[in-house]
Structure formats: C-alpha cells, structure tokens
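Each of the two complexes below includes chain A, the first together with chain B, the second together with chain C.
After this line comes the complex of A and B, so read on.
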C-alpha cells in the first residue's frame, strides 16, 4: 500500500479524541501545535477541549512532551518498525510472538491496549516525526505507519500526518509537484524532470560532487548536512540567499541578504497540512525579496544563448 | 487582424453546419470582416473550422490533483516528457500532467477553455496558483458546497436566506465561478467514517438535513443568485451497482431547477452487486430526454491507466478496499474531503467493459447534443488528451462494433450499445465539445464563432480517420493568436480566469467571523483569496 490518509489540522481540532505523537517532541519543536490544533483546542465536536482527548506519545526517550501525554510508550531505539508491524498484526487478530514483542521495549498488553484505543476512537490521528522517519527503517517506517492508519479505517475514522520541519518545506514540495510532478530529488539536466531520491536528492548530488555550482535558498545545509556534502559546497561557487548570515553563508562565495518573507516580503506559505496561507508584510526592508533577486539573476542568465536540448538538436555536428 | 479563409465552418450556436465561409478576427475577437494589408490570411480550404473546445468538467489543478501527482511517480516516469525550450516550460504529461504541460496538451488538442470542477474554498488559493501556471487555456472553477458544515447547519435550522448570503460570500471568497455538489451529505458523514446512501435519510450528525434537502436548497440558491452555470452535481452512490435509482431520484429532486449532472456514466448502473452490474443508461437517458432543465457530461471511461480523484471520500475508501492499491485521503475541515486511488480499466474485466459501454450509450441515447457533453471526468475515467478516441467511437459505428467484439461476452448481455447505430455528425461533435458546454457554463463569448466571441478557433485537416483528425488540429487560435500549428506550440499566451461575484449582504461577515474562530484553523482575514492575486481575471458582477 502507498498513499496517505490525512486531513487538514482543523479536522483534528474539531473531531480527534485520540491523538498519537510518534517520534517527535511537539512541546519543544511545534510549540503552538497543542493549543491551536490538537490537545487543548476546543473543537466543534470536542467542546470540552483537553478533557475530551487522549494523548499517546511514542518515543525512544523521555522528552518535555511526556508530561502532556496520558500514555507514554518508550520504544527501544531502532524498534519502531517492529512496533508498527505488531500493531498491524493485532489489528487483524493475527498471532504475535511475545518474546519478539519484548525486544521492542514494550509489552504485548501495552500494544493490545493501544490497538483497542485506536479501534474504539471516534476519530484518531497519528502525527509522526523525524524520530520515526530518520531512524533505522526510515521510509519503511513511514510506509508502515501510513498503512496501519489506512487499515484502521476499516474500524473507525483514522488519519495520519507527518510533522514537517521549519520554514516553508511543504510549500517547496507542493510547487515542485505541480511544476515537475515530483516533490523533491528532481533533476532537470536533460531538460525535463527526472525523479530519483537517493540519486538526485541534494545530499547525494553534493556528496558525489556532481554539481559545479549551488544556489541555496531558505535553507542552511552547512549546518545540517554530512561533512562531505559541506566540503563540496565550499569547493564550488555557492550562492546563498538568506535574511541572515548562516553557516552556509560562511563557506559560500556570495551571500545576498534578502528581506524576510512574511515580515517584509509577501508570498504564500504552505502549512504542514498543505493549506496555503498568505504572507502579509508588516515592515519595509532595505533588502530585496528572494523573488526579486532570483528574477534579476534570471534576467542576466537569459541574455546568454538559451540552453535547451531542442535548441541543441538543431545545431549541426561540427 | 486575421482571416481564416475558405474553411468548412461548424458553428452550431449560430446555426452554421459546414458552410464554406471566412472567419475574421480583430483584437482577439471574432468580427464580421477585416480589410487591409495588415490582415494575415490562414488558407483553410479543405479544412474544418470549429470553435475552440470547452471542457465542462475536468480536474487539472489544486490540492487533490497535486496530492495525486505526488502519489504516482511511477506514472510520470512512463509519461510523455515536456522538454524545456525558450518557448516552453519543462514538465510531465501522462495521467496527471503538470500545470504547464496541461495547458500545452489542452491547446494541442484544440481546447481553449476548461472548468476545474472541484475546488475546496480553504485551499482555493492553491488552486489559483496552479491555474496561473496553466498557460493558454481560459479557466473557471466550481466551488465545493454540498458538505460545507456552515451551510448544512443553516439548512438544518431552516435559515435559507442566510444560507444564500453565505454561499454567495463563499463563491467570491474562493474566486470561483460555479457551485459544485459532491455526494451531498456523504462527505460530511465520511468525517465520521460514514456515507449518505439514501437521499431521504438525515445526514449522519444531523437531525433534519437530508441529501435531498441539500440538493434542492443548493439548486434553488444557485438559480436565485442567477449564477451563469447551474448547480453542478456529482450524485450520491457514485460508481456503485444499482445507483441508477439514486440518480433518477436526484433528477426528480431537481425538477423546477437548472442542474448539470456530472460524469453521468458513473451514475447509471443497475444490478445488486459487482457480479450483476449492468447498464441502466437507457433508463437514465429516457428520463433525461424528457427533462430540459438538465444538462450532463458523459464521464466516459477508456481502457488503460487512470487515477481516480474525487471529493467522494467514502467511495474512494471502497475502491481502495476493492483494489488493495494505493489510497490517498484528504479531509478538509468543515468543507469537504478528497480521495485518490490509482486504477486500471481493463477491457477483459466485465465491470469495466460495462462502464466503457455506459459512457458511450449515454452520449448516443441522449438525443439533444446541446445537453450532453464530452468528458472523461479527467483523470478519473481517462485522461483528457484521449478525447479524440471517444470522438472516433461516437462518429464511427463500425469501429464501435469492432471494439465491442473484443469485450467479454458476459458484458455484452448487460449493455445496449450493440443495438445503437447512431453516428455523430461533425456538427454534433462541435456541439458536445464546445457550443454546448459553453452554453451550459453560461459563457456567452465561448463556444461559437459569431461576432463578439473570443477568437478561440480550432482548424482541422479533414480526415476519414476521426481519431487522427481530432488528435492533431492543423491550427489552434486562442484570443486571435495562433498558438498551435501542425501539432507544435508556436506561441504561449496566458489564459484568463473567469470569476463570478454574486451579490450578498456584507453583514454576513459578522455572522461568519465567530464561526470561523471556533471551527477553522486559519484566520478569517486569511480565508478569502485576494483579488490582487488573480491578474487579468475576467470578473462578472451579478446584480
């Protein structure tokens, strides 16, 4: 199974009586999540707010989010996939090996209890974070969680949602899909979009040293990427557009300071549930917007003879 | 200025059926005559001249389609590639084309106006961003209303007048054109994992409101507001065996009002279950023929790959359970939902074979081409760029019989298509692909070639191979500019958005604001799409 069974955050606010956070620490990383959308929000069909909802937290360590939860399930690191798979088996009343369940750090009773809560919820939601998607199993973990949630819909209403990171990552993903068909990891070097995560994703391209220039917008790979990728960025002409000096700026050839989008530049941001929100500037900035800088770079680039496979095809072989 | 000279003109709206005559163009519009040295002449003798195609029901932009794009990378890999050039943007064709490719593909087929049929208000800003990136074609959109809980609550309380103001405000907030009803009440029920299968039963979570009440109220409001396009309705029980009774009942509820029945093929089935499913196209056509308040589009299916995308969440869950393939579902707070399931229609599958026949039967048994239009509910039944295949089937009965021979014999007993000999004429094709949908959409400047019309013109090389002829127009003009010549895009113009602004009592905002603060997760001020975002939109104010 692929795909995703999800909703906008208002559905969670208005309906969810069971809220599961898996592999994330919303109390620190998404501080407004509880009050605006989930635990404490009073919704149309959950007028009592926090009292009308049960929160389950699944994580490998105790975080500040634990004290917000009703039930905390501490999974042994790297065992998330096994836990999800056990839940799927229990959902279908399949036999499970108690000894292997014990290896996950949780007991069969705990997992059976969770499955019962899930099946009996009126509206359940599972938010999953990087603790699930970036640890052992990676996309297999995401797929397992998405499948579990899809299968729960045979019993009740259940949805899932990844807890996306900072900035407008979702917006980039949305626009890439409508312009190229793919969310990320797109290579346009042949003149049309090709998609291959693991080959064309930024880290892979940088680590292999495939690119001979880099334009960085709204990101700070110099702070987060593996060292070989950072080394390559330092080797090639790297241009950074950012309102502030970032780690990447320090290793770049050019840093262009731009106006902060949402404060002094207009635009659209896509929330983690892909709802587009208008950004309305409240201050004037002495700096140009990202859009303006890109447009001016593009005007200069356009003066050069166009590169396109179609144009090349018409050039006779010399 | 431009003169298309000596072509055989099919302009059904103006009663012209294959007369040889010149079409003259100035300033982007059709005019009576042009003269002088500045006139470019397109010699069109031996060619066939149509008004540009108008798609009354398609899904080309917005959150649901974009969700589908992300879900099916394997389809894009096999799809046609659009290579970046000084003129064209890169993109991917296939089942869910990217926005730029969508504009090129529609124009390349001679279509110049499209109606995006399902827009949630909450994400309308996204839809318009995609439509802006869809070049050449003009665009309108229908706003999803039949599961909007603010409206349903008002219907429950019998507050018809306030509902009218809310609906009008919502259309303008979404910068929409028409009103769409999808599985009335059923999507709201789906928020609790339920459906609405009986038109007279209260919707889950409500005491009085039934699907029938929602349908009747919406149709009445749309008529009262004098929206150019009637209520655009996707009936309850889509795709389900035996749903013909629901469809006929819906049409009875609509008596006395205008309405457009979307993708009727998916709503014309008899039988009790999947093993007994049969065509009820004849029964639907008989009722429909006698009720001139209705228009419909076919929603024909063609064998091959598709992705089903609809606001009908419960149906998509059922389809997921039937196929066991991918399933995407996106419920939108207080308004609607959408489901996405990739699907392959197979000629060897009895159910699919019946579906294939039902689409054609409706097109052939509904006798007024002004009321039934060519669609495949793209990408649900087939991709829009396969319309020429349907045209071929409609115009050529012997080709149809050839295709019928390939179907499983069990399917043949459940359809009436083998007994239908009708063949569409060119004039009728011009009607179901352009003149009719333009009239149903209430677009007086579209779908015809009379003076004042937008100069959207498609010119075909006449060929006995109708599939070939309609796949590759010789020229396509949009707003008087030659955008396609010999199958190549020659010029990329921006398409306009068509928007309606109905009249409403401004005080309705004071009623809506507190509801928003309670039920929504976006600020009331951030909800409406800003007019400034839609450059060059054609806004029609209704008094």
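After this line comes the complex of A and C, so read on.
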C-alpha cells in the first residue's frame, strides 16, 4: 500500500531537477507555478534555474503547457493506470507486453526512457492533476501514482503532489484529517467518524438519495456534480453559504450571503503543499463570515434537547 | 423461523447489524421487536420498520425491498438468513459461517472481509464484493460468494482465500491487489487482476488485460474440474472439457509479482 511521499513547494524550488506534470495544464490553471516554485525559479541546489531542470508533461492532448516542457508524452484517454503500472514494472526490470503498452499511445522506449530519467534524477517531483484523478480509474489512478513515487524512493528522492484546484480544497482535507482522522467521505451519524469513500462521499450519497438535508459551505455542486445529484439537492432542504449567488443557491431553500474570505473576512487558506497561510481582509463587508454563521447555527442547535432513545419513544420518527 | 417484513422503504439508510441469526437465535418475540437499529443518527427498534413474526430461531427471513438496509448478517457465524427482495450495502460483512440467500440484488461490500460461510445473490451485486475495507490489508479469507447476475468495481479486492463466482460480467479492477483465492467471472471490463500478487482469476470469455500480464501458454488445469463439479451443483457451469477448448494462461501482475494467474476460456474453432 502507498501513502503520500511529499514535501513543500520550497523544497521543489530548491532541489528538484526532474519535474513531471501528469494530467494537468499548469500554464493555464496554475499560472504562477512555473515561475515561483518549479521550472524557472533559481534554487539553492538548482542555481541554473530552468537550465538545471527537466520537465516532462504527460497528458491526453496538447495544451499550452506543452511548449514549456522538454518531453511531452501523449497518452490515450483513460490509459493512465496502464501507463503507471507499466512504469512500476519497468522500475523493477520486470517484463511487460509491448503490444499492450502500445495501446496506451506510448511506446516501450518512451516509457523506459522516462523510468531511466526518474531513477537518475537527484530529486524528482510528480505533480498530478484532474486529468488523472477524475478519469476512468479515479482513486486507483491516484493510488498508482502515489505507489510509483513511493517505490522510486528505493533509487532516489522522489515526491508527489496533487495539483489542487480553486479555493481552499486542501484546507478542507487537512482540517478534516486532524479533526476526524480522515480527509473526506466521513460519516459521523453514529457519534464517531467512519470513513468509506463510495458510501459516504458526497456525490455517491446524493446520487443514491441517502440524505434528507444538505448544508453546502463555499462550494457549488449545482454546477459540477452529475444531474441525479443535483436533482436530489433540489428535492431536499438545501442550505447554501456563499458570498455570491451560485447554481446551487438557485435550487436551495435557503441562501445565506457571507463575507468573502481573504477580501472582506480573515481566515486561513492551505496552499497545495498543505502550508497554512493567513488571509488578511482589505475591505469591510456588511455580511457575516462563514464562521460566524456556522457558530450561530451551532448555538441554536445546542439549545435543542439532546436526542435520545427515551425521548424518541414518545415522539416516533417521521 | 423468524420473519421480518419491511413496512416501507426507509427514507435514509437503516443500519441493522442486529439482523443476524446469531443475535435473534435465543430471543423471544418482544426482545426481537426491541432490538436496536439506526435510522440515520436515530436509534430505533426493529418493530418500527419491520412486522415481526416468530421467535427463537436461527432461521431468519427478511421480506421487502431492503436495498437501503445496511449491515444485514454482519459477523454471523451460523444459521440461515434469507432475503426475499433486495439487500443493502455490507451484506454479510465479516461473516464467519452460515448461509445468506438473496433473491434480488445486493449493494456494495457484500461479504467484505468474510472468513467463512456462503452468500448467494440471485440478482446483481454492487462493487467491492468480498473486498477489504479501506485501509485494511486483507479482504475475504474464506467462504464462498455466488452471484447470478453481474457485479461492480473492485470485486475481490485484496482477497486472500475463498471463492467468488459471478455468472455475469464485472466492472473494472476485478481481483485488485488479490493475494490468493479464486475469482470466477463471466467477463470483465478493464484492469482485471491489477497489482495481484497471487490467486487465480478465471474468465469464461476473453478479457482485455494490463500490459503487465505475460502470456504463458494454454492449459486445462485439473483443479478447475473440481471447481466445475462443485459449482455445477449450485447451477454454475465452468467449462473444463479439453475437447471443447482451452484456457489461455496469463501470469502477473509483473509490477508487483509473477505468481498471480488469469485464465481466459477460449473454445476451439469449429
């Protein structure tokens, strides 16, 4: 089993000489990534900057990031898991089937070359994006990459890092982790945290219609989730906390406008390498912060008598 | 025999690990009615959701669409559990013995981490059949799961011993990280046997394979005849007649091991 071998972006800047982007388009989606942390930054042990580093891009199509890369590997859509598993075999000098490797869109020579570069790097880093984690195979694609990177540490120092998206998604994972022990897909209905993605993860719960209410905080599932999930959100009482009107607010019963964190409310955001950064407000907002709204809801909930089987015996559940 | 008839489909999942022959075997009627269940976060009684008949028996029958009732038969060691209708997730998880029979379909994680007993599912099943729970190293360690229909993702994930036989086809990642045991499928989608270290996957049709599986010849293994005879008594036919065809043997997954085997049936051209 894997686990994430990772580091901070500062280490990437100061040490990495092999940088792999897999299933992402950082030139468009993370425009400061190259200049601040990876390609162009001059680091303590990479004093030449861009010249001291090799960049490999793996993606299903040519994106604007291609022109920044030294090597571009175009893999067929949905074949990432096959490629990573082949790399794991090549790493151990195990045989692979050349014809089935060719079905991935890459040749055995290309993959062997990549493995040699990975083994010979002084400090390698693999950034993986939604092109890997959200295509067929999903969590197993991430598991494959994390395991590959863990195994590479038998040869050299190698780390991996997910290219996290908009907002403070890393923060949600990190805070869930130190409060419940699990990063997502947590169920607290029995009074203790239980973790089972597929059973308790948001989309699965909504698609099956397993919940009878929803509180949505700083997210817009109405714009991104599959239609059956959106239909269920419209069916049940949904409460949205968001600075702006979103697709989800339109189908919600209640929308509470809150102050924008980082602009008119203070807070903490986590960078993609899980470094917490304080946010200082520059403007004043007439709206309450997310924290204040949640705290006030919680205070009202706390006043309600605790639910117990004895109380339930008098009032049967609906 | 004890019969429980579901009054109506619960609005949210009902967690009912008390519905197991081990629990009800020695209980009187009113004690069975008072057994705890969890509807969401609320603890309720069996008779809130079920019409109970009978008492003190290790034969239990559940009637109605229990597709939202989870953990039925959890950890059971004996007796017979029959579900006329569908069953929800985690059916027979951690079970050690006894028999579960479902006439309809079952949800995900049926027979997860079981170590003995028999589960028969008349319809389709969800994913992670006989699998290991997230973060756990080993899935089912013994016992048998028979499915008449098809099944979902990650069937037999990290299983170590025991048998899973599925008449229909399964989705991706069947036998993922398998460590032993036998998985028989009618067909499979992608990535069958990914990262398997040991064990046998038998497919009754040709299936797409990962690049990390190596072709190792054709065979008609003797042990399959034993499986064919045993499964034949349960209505599962596994071809093993050398005059009708042969199994293509692939070994892998070379990313982790070369001791796993995938056997794909190929009838002789006639």
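In this text, the second predicted complex is superposed on the first by the 307 of 318 C-alpha atoms of A that agree within 3 Å, B and C clash if a C-alpha of one lies under 4 Å from a C-alpha of the other, contacts with A are read in each partner's own complex, and residues count from 1 in each chain.
We adopt the following convention: contacts are C-beta pairs under 8 Å (C-beta built on N, C-alpha and C of every residue); 3 or more make two chains touch, one makes a residue touch a chain.
What you see is a predicted model, and the numbers here were worked out from it, not measured in a lab.
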So in the superposed three-chain picture, is A:224 touching just chain B, just chain C, both, or none of them (first/second/both/neither)?
neither
Quick one: classify A:95 as touching chain B (first), chain C (second), both or neither.
second
Kindly classify A:85 by the partners it touches after superposition: chain B alone (first), chain C alone (second), both, or neither?
second
Partner chain in contact with A:174 - chain B first, chain C second, else both or neither:
first
First, second, both or neither for A:195, with chain B first and chain C second
both
After the superposition on A, what does A:107 contact: first (chain B), second (chain C), both or neither?
neither
Does chain B (first) or chain C (second) touch A:140, or do both, or does neither?
second
In the superposition, chain B vs chain C on chain A residues touched
B
Taking the stated contact definition, name every residue in chain A that is touched by chain B in one complex and by chain C in the other, in rising order.
1, 190-191, 195, 309
Footprint of chain C on chain A - complex, ascending
1, 81-82, 85-86, 88-89, 92, 94-98, 100-101, 103-104, 136-137, 140, 189-191, 195-199, 210-212, 307, 309, 312, 316-317
Chain A partner, complex, touching residues on chain B are 61, 63, 66-67, 69-71, 73, 76-77, 79, 81-86, 89-92, 94, 96-100, 122-123, 125-126, 129-130, 133, 149, 191-193, 317, 320-321, 324-334, 337, 340-341, 518-522, 526, 530
Note: in the complex, chain C contacts chain A through residues 11-13, 15, 36, 38-44, 48, 68, 89, 108-109, 127-128, 133-135, 137, 172-173, 176, 190-191, 194-195, 209-215, 253-256, 258
Touching residues (chain side chain A, partner chain B) in the complex:
1-11, 13-15, 36-37, 42-44, 122-123, 150, 153-154, 156-157, 159, 173-175, 177-183, 188, 190-193, 195, 268, 270, 274-278, 306, 308-311
